[in-house]
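Data block below; observations after.
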Amino acid sequence: MKENIVIIGGGIAGLEAACQLLDLGYKPIIIEKSDHLGGHVADWNCLFPDMTPAGDIVSALISKAADANIFLNTEISFVNKLQDSYNIMLSNGISIITRIMLVTTGFSVFDASKKEEYGYGVYDQVITNKDLEHWFNTGDDRRVNDSAMNAIGFVHCVGSRDEKARNSQCSKVCCITAVKQAIEMKQKFPEAMVYCFYMDLRMFGKKYEDFYISAQRDYGIRFIRGRVSEVSENIDGRVIVKAEDTLSGKPVKVTLDLLVLMAGMVCSQDSTKVANMIKLPLDSDGFLKSADNVADIIDSPKEGIFYAGACTGPKTVPETLAEARAAALKIHLYIMKK
Amino acid sequence: MIYQGKQKIWADYQKEIPDNHWFYVRSCIRQNFFPGAEKMFLEICRGLLKKDIFETEHHTTCGGIAYHCDTIPQETVMTIVARQFALMTEAGYENYVASCITSFGNYIEILETWKEFPELETRIREMLWKACKREFNKPKYVAHASDLIYKYRNEIAARAKFRLVNRFTGEPLKVVEHIGCHYAKMFPARGVGGAEYPYVLCGMIESWGGNVIDYPERRHCCGYGFRQYHVKANRGYSLSNTYKKFESMEPYHPDFILTNCPGCPYFMDRWQYVIAETEGKTYGENGYGIPVLTYEELASLVLGYNPWDIGLQLHQVAVEPLLDKIGIEYDPKEKYKGLNEKDLMRPELPGVLRCC
Amino acid sequence: MKLYDELLKDYRAKEGLKTCINCGTCTAICPAAEFYKYDPRKVMDIVQSRDEEEIEKLLKSDFIWYCGECMSCVTRCPRKNGPGLVIMALRSLSARLGYFTCSEKGRQLYPLTRLLTGNILNYGYCVYPDTFKWEDHKESGPVWKWHLEHIDDSMARLGANFKGNGPGILRKIPQESLDELKSIFDVTGGTERIETVNRFSEAKAEEMGMDMEEYFRETFEHTSEGHLNNED
């Protein structure tokens, strides 16, 4: 079929939608800014709740999507609105005329250094969830390798549910990611004390609660209900965390060899850039605004423009894949109706 | 510690401080306990750097301590402050500089509250008119006196006679900086460097040759706590907080502590004396304490002023070991003399804390 | 009269109490919470509950008087609350209603008011050498004792204008300026606050069988067991 379908973003949402559209007989175009496909998931090691290797998911999607027109290292320079279509000029000089765009620009990881009191980028032994996945994948991080790992802490809600950080939304996946990473660290360092500092544990997904039970029962991970207020560094370079154990109503101070900040999801700059070019509205949470947040999450308010994945708000991997499939079907029906 | 990480944050919190023409208001606590510091502020800004700093005898306390001891209503403190602004307006100034951190926080908080609740500002204007027949413009800029010394730090460095270097080892002196809580904890953007890693004192220390120490309880309050000190029955609160800070900084062996708040140097100085006398513990070398300086005292020392002319004799912790390290000469016999060599005797020596 | 409504008339309560999620960020770094049996999070939770009975208990308790108003909590709250500001509003209401005399730490408002408003109205300073007695402040050390004994000479050596005319350190603040301060107190409720604190304190002193000097010493110096975190 000749209809041009432009997918903006080659993460798992874009790839999954492309796979479905290929199956339906279309030849979608994927525009990806970076030099590889798979987005954030490609940087991850294992996925909850069954510890599925993230690389397997990504490589399966990439091989299934191989017949799409894929432009790597490519950005959108500008978009012109024509009568009933758009002219998209790419940074590689190619221009595409299309009626249909699928926005799969995803999210950005919250810049943890903005929570100054946590000392990311200031104190050596403070890392993020993303840094830890990188270490799981490559084994390369002197902060983990060069220090004894006797005590490890995880801070939930870093840049999430935080009006001061200008992100009041819950990033949804950090709670379960912290539990997952805590278990993985305990597996690697069985002698270490592992702490999770949380405000609420949002174990909403399939088998998440089982994961949590296992973390407590099988791994002896300590869950302290209190938001971390301050991190400092002592003379040995270890980090000291201050929180309140709100269940006992007492301030607690814990000295750790490694502190992992669960940086949340924020709307990516690429999403806002695309939104500006096509004049898509942003929702009050800073993410792209859907036609309706209950019934039409994958519809933008503009004809022919659709969303899938975390560009409209924090999503899990299965949610993102489901939206991508739904978006592919929606696009197919849109073309059929013509 | 990743120094570049701090530099990145510092860069985000630089404020444009006007260079000249200031209306100056004094600090209650500093006039009592560190009179030399306020004298040196004017000496350095006016005498040395030729800045226009205006003071009127009609200004009073801002009421901040009474307010934070919960003894006066918010309207009262706001109207006292409004009167200070009226004095500034009448004198033809727009830049307002406070010697006190409680005052500085008070001014900023009041201006921000008025911004959010303009009807309150209107009421305070009416009250000021009723009480004093005065009117005011709000300052264009409110600074703390340490902001000014920070701004002039490189000019001071250019004229310095001494560097913050240990002359016996050639190493930079290790300096703990302590920022008054009300400097930036309420409104981080109003402080040089923000609330978490304030740069206002670090900038001076770096400019004058020292090394800044970051220790775990750096951000913790000195323990003043207003009513927790002014009421005798509560002073354990104040003491225990200072104690906590000293225990935390002890392993770093700081050469001295630099402060920008009126109360903090008093508490960190005097509670060291109390800890020594009650617990037998001292934090400096050879039974001495760790000297605690105000930023004007430090600026004066590097500029080569006589330590006894700037009031270092009013500290309980002896400053002499620090003067020796920097290489500043002083006459021990002059320390407690009045004007014209008048003999004023000398304070008793404490039992444990070593003093000169 | 609803206590919650009265409280919310105070601008500090308006600024300080938005929506609390009980996360404990404030308590974690609170100097008072480490020393006293105190938890600012619980203060926020009680006020937010709008439970009149609980708020009244709070206003009559020692609990609200433990805070040192350092405002460290304001920096960190993820919901932009200011527990320290809410405390100030609670204390103000407790003073107005006379509830402060119900607790030991609350009763300290009497000596504080006498000392601080006395210093302001008599001298124009919050702290003044004539009233900062070494006997009440032995922690100020032998150096302060010496300084007070030689205050005119010691101040002169440091270039102060102690009790002098014109500007300068610890100058005599002109009478017309002190008169203005008094007038400000009269117009803004400062004088009324002093009278209220005195009235309720006098009644309490009578109940405790003390004259006002004894009551001053008692409230200024005495502390009972049970306030501290490390006590059972």
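Every chain is named by a letter (A, B and C) in the order it is written, and numbering of its residues begins at 1.
As a working rule, a residue touches a chain if its C-beta (ideal position, glycine included) is under 8 Å from a C-beta of that chain, and two chains touch if they have at least 3 such contacts.
The shown structure was predicted, so the numbers you read here are calculated from the model rather than taken from an experiment.
No other pair of chains shares as many C-beta contacts as B-C. With centres computed from Cα atoms alone, the innermost chain of the structure is B. Farthest from subunit B, judged by the mean position of CA atoms in each chain, is A.
Computed from the mean C-alpha positions, the centre of subunit A lies at a distance of 49 Å from the centre of subunit C. Computed from the mean C-alpha positions, the centre of subunit A lies at a distance of 46 Å from the centre of subunit B.
We define each chain's centre as the mean of its Cα atoms; on that basis subunit B and subunit C are separated by 22 Å.
Looking at subunit C, one finds that residues 29, 34, 75 touch two or more other chains. Counting partners per residue, subunit B has 195-196, 219 as the residues that reach two or more other chains. Looking at subunit A, residues 117, 230 sit in touch with two or more other chains.
The residues of subunit C lying in touch with subunit B in their complex are 10-12, 14-15, 29, 31-32, 34-36, 65, 67-72, 74-75, 82, 88, 91-92, 95, 105, 108-109, 111-113, 115-117, 119-120, 124-129, 132, 136, 139-147, 150, 153-160, 165-171, 173-174, 176-178, 180-181, 183-190, 193-194, 197, 219-223, 228.
Of all the residues in subunit C, the ones that touch subunit A in their complex are 21-30, 33-34, 39, 41-42, 75-80, 229.
Residues 113, 116-117, 119-124, 230, 232-235, 237, 240 of subunit A are the ones touching subunit B in the complex. The residues of subunit B lying in touch with subunit A in their complex are 1-2, 5-6, 8-9, 194-197, 214-219, 251-252. Residues 117, 157, 161-165, 199, 225-230, 242-246, 249-252 of subunit A are the ones that touch subunit C when the two sit in their complex.
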